[in-house]
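First subunit A sits with subunit B, and in the next complex the same chain sits with subunit C.
Here is the complex of A and B:
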């Protein structure tokens, strides 16, 4: 376990020059995840923003990559993992050639379309990592509402309008609990603003066979209508307001890895983001803001 | 070198399973769907009993199953999987995807009509929907052929000038559940024909990082890879001929890209595929007894499409009739269009008639075959080709009227 950001490895597994948007919180989270995982990995990707990290003939990764489709990255991971095991067992591949199999998907795939294949992979106790970069909407298609979109968010398909001033009326799915109900050995939420926490969580699950699942809160400047330079700030505010709890579940037992000493009001997190601006202007929607604060209060009780 | 042979009464499904067992397959991601399930049950049993050294995993859908099959193949193991009908449709997105990965695994499809209405018996709308995906396609008439085609399919798919996945197709119920005497080849001889899998193309390992299945931006890049697939698929034509020749030398039976039945002196040719060809052959035999010079051309290799062989087989005939056991709603028979395309630029081409029959396993009666034969001869003598016909008998219509009355719609 490390204590300080100074203890993070300098070694990078993902090199600069990706086509990701400036200030992409998901990319920052991924960078820290890959630092922790090392270079012997194969990333199995589902359709989403990060599919465009590897555009022929370039890849920013030192490791391998397989793009599948939107719904089935965990199934691709199953095929790769099983094949590696078979080759090693049959003596056709040296154990030194083995790879960690890492699923990488956005929230659209994780919360919605790929839920069935993820459920299957966890159920089969597949030995793999899953990193979901959660920017709380379908980002790659221009920010439409997904199962991860929080209550009150403006998206391309939940525009605040006269008939519905709230934006999204639906609540974000609790993917952590959906995954936890499958009893995976390790499961955690992470944030790009807390790289030490990321490193320690990967350290903690190292060596555990079976699913090791991570949901990364991912500020998205174009979708959230925030300034790229402020992504780390919003990620941090989400933790400090209690909106994004940093936690883990080792064999099902939930533990929070950071409990804010004093919770900041959610308003601090919401009011500066374009996607929640309609809750404050032109008319302050007191009920909705209160509703969001109460959800957070209820969670932490 | 024929070796010691044993013959057993096997269903089509069991024949496929035996083909897989003999092929030293490493990995089988599976998902049950009628009528292919017997294939994966047999394989699972053999693996559990230690008679096959392979990994077996039941996936959460055909979409996941085809993904896992492609990903495992891309990692360097020999893979088999099986599906049917709705399952093939459910996994459809991944058919295009994995063939683009250029992974040489083999999949059995046991044909079954597509919903709706939901049904069980065969037709070929399922498999023909996959005709443009990049998969090679071999269509079988008999149980022996189904077993043998698995061995041939691996040789074809794994050839370094091909490297595409292959589908071996057979009809649900009519072949999947019909027992025929099948010769199970000796495993050692199979191994000479199909050695254990040692891929030399791209696959994942720590010392060789690579990005596969990556996005491309720009039509010229996309087209380049698509054209490569097309050319590789076409390469399979000449490779098929070499492989089937070698198969014949090894096992004493051979399979052309197409099969001719009583074709040599035929003036009229019936064109069919899969197990219903057996009905067509019986009808041709009956017609021959009446002195009619009719033969049958059975399409076996559907992708790549053996245009040259089809043109050759139809050269100098008076008329030909395609029985499509499929329907492109709003257009008609799919194979009819493909055959017409093959013949169009021929100076001396037979008249070409189109019939739709056998949908959802509907029988094709003697009377319907006689009707087709008459139509061919009549077209030739008058020069008028009739409109495409949907085969249906009066007795079937009467029965349908009765059922409608039962349903309160009479």
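Here is the complex of A and C:
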């Protein structure tokens, strides 16, 4: 087990110069996931911000990358996995040269549009990784609300106004439990502010055949209306307030990998983000803030 | 008709600047048209926005390829072959450039024949707003250049920003910054090159998928893109204070920070986007932020 960030590899699988926004939390999460996965991967990427990472003729990846439509990255991964298996079977690819098939999507694809193809892939016990960078809305098209948008968040489609002072009135889906109900061998939540935790989780599931699924909480400066320099801080605060529990489930058994000794109040996380600003100004929406705190308390009880 | 083209980086406010100018003109009784053009990229990447102003109804549509006035909100764009902000500029035209340098020096360095006006509006926005959001300032500069009135500018900034924020104080500061830029510039008589060039219709022949879908066969070549010119601030390390804890290295989203032979971290300034996460996260406060000035 890795103990400290000093023990993380300096080897990078994704180089600088990407078109992602300055301070993109999802990119930081992806960087650490790829460090843990190593060079022998093929990334299958559904439409979203990260498709822009590979705009012809550029790519930041040392490995291969394939672009699919929004709803079908896991189906694309099935095709790639099958092709690799056939090549191995025919002796055209040495088993040692095999590639890990990695689906990469945003939360819009993971929580909503691609949920059925993911369900199918887990059901078929497809041997693949899934990395969802969860910026809690459809980021690439202007931050419209998704199934991952939390209660009380402002998005492009849930603008707070007199009749709708809360912004989003709906609650974030529990994708971890939705995926877990399919009984994949491994799944975990991760955060870009906890790279050691990321490395250890990838280590833990290495060698397991079948779906290995990761949801990365991903601060997004333009969507969250936060300063780029604070992305790591908000990722950390989400963990420290208990809003984003770091956990894993190996063969279905859930274990929290970090339980804050003392939970910070959710207000610390909410009040500095533009997407929650309407909960505090011009009038403080006490009920809503309390509601969010109580959800967290209930989860950890 | 007067045609104005704004060049900025995503997040700087070029789109809103074009709207401020359009609304100010509209309030003075002109016909006006404004719209942005985005590439596939994100915050920090070059974008353009356009404003047409006319006494007659405007029938022309589409991007402005031969502008009378160009507003360059970020000097680094002048070196960017993709943004190519000076394209289509005639000798009679005028370029406003946000820079710390003087107009004569800019003309010489970038070999510009047209008129050039300069002002460091980034500094003005940092001083008044506290952040480098230039929409109201560039809108103010453009309004002065095309000879609109201060009162229309004020109203236009209020209207455009009220759509985005309810913070009264912020709107007022933006008005202040906008008027500051308005008054810092001379108004200029611009001869509009009213000619309207027809653009050719582009036809795309059908190509089989193996030809029409491109593939990249060089791994990891984005460092060639040099996203370093997105920066407004740059991180600078003080090795006296650094404890080599490696936090900054592991917090950089872009993986720009490497470690030198003595074990100290340093940034690849060619691609560091200046997000300042490293400075924020350093436990020893060994990284300071310095305003990036385009040095020649």
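Simple rule for what comes next: the second predicted complex is superposed on the first by the 300 of 301 C-alpha atoms of A that agree within 3 Å, B and C clash if a C-alpha of one lies under 4 Å from a C-alpha of the other, contacts with A are read in each partner's own complex, and residues count from 1 in each chain.
In this text, a residue touches a chain if its C-beta (ideal position, glycine included) is under 8 Å from a C-beta of that chain, and two chains touch if they have at least 3 such contacts.
Computed from a predicted model, the values in this text were never measured in an experiment.
**Student:** Looking at A:117, would you say it contacts subunit B, subunit C, both, or neither? Reply first, second, both or neither.
**Tutor:** After superposing on A, A:117 lies in contact with subunit B but is clear of subunit C.
**Student:** Looking at A:222 after the superposition, I want to know if it touches subunit B, subunit C, both of them or none. Which is it: first, second, both, neither?
**Tutor:** A:222 contacts subunit C only, not subunit B.
**Student:** Contacts for A:99 in the overlay, against subunit B (first) and subunit C (second): which applies, first, second, both or neither?
**Tutor:** First partner only, subunit B.
**Student:** So in the superposed three-chain picture, is A:28 touching just subunit B, just subunit C, both, or none of them (first/second/both/neither)?
**Tutor:** second
**Student:** With both complexes superposed on chain A, which partner does A:71 reach: first (subunit B), second (subunit C), both or neither?
**Tutor:** first
**Student:** After superposition on the shared chain, which partner residues are touched by A:90: those of subunit B (first), subunit C (second), both, or neither?
**Tutor:** Touch partner of A:90: subunit B, not subunit C.
**Student:** Tell me the contact category for A:56 with respect to subunit B and subunit C: first, second, both or neither.
**Tutor:** Both subunit B and subunit C are touched by A:56.
**Student:** For subunit A, give the residues common to its interface with subunit B and its interface with subunit C.
**Tutor:** Comparing the two interfaces on subunit A, one with subunit B and one with subunit C, the shared residues are 52, 54-56, 59, 61-63.
**Student:** Which of the residues in subunit A end up touching subunit C in this complex?
**Tutor:** Touching subunit C: residues 5-6, 8, 10, 12, 14-25, 27-28, 31-32, 49, 52-63, 192-193, 195, 221-222, 228-233, 281-282 of subunit A.
**Student:** Show me the residue ranges of subunit C that touch subunit A in the complex, using the header's touch definition.
**Tutor:** Answer in residue numbers: 10-11, 40-45, 166-167, 214, 216, 218-227, 230, 245-247, 249-256, 258-259, 268, 271-277, 279-281.
**Student:** What part of subunit A is in contact with subunit B in the complex they form?
**Tutor:** The touching residues are 39-40, 42, 44, 51-52, 54-56, 59, 61-69, 71-72, 74-80, 82-87, 90, 92-93, 96-99, 116-117, 119-120, 123-124.
**Student:** Give the list of subunit B residues in touch with subunit A in this complex.
**Tutor:** Residues in contact with subunit A: 26-27, 29, 53-55, 57, 59-61, 63-65, 67-77, 79, 93-94, 97, 204-207, 209-217, 221.
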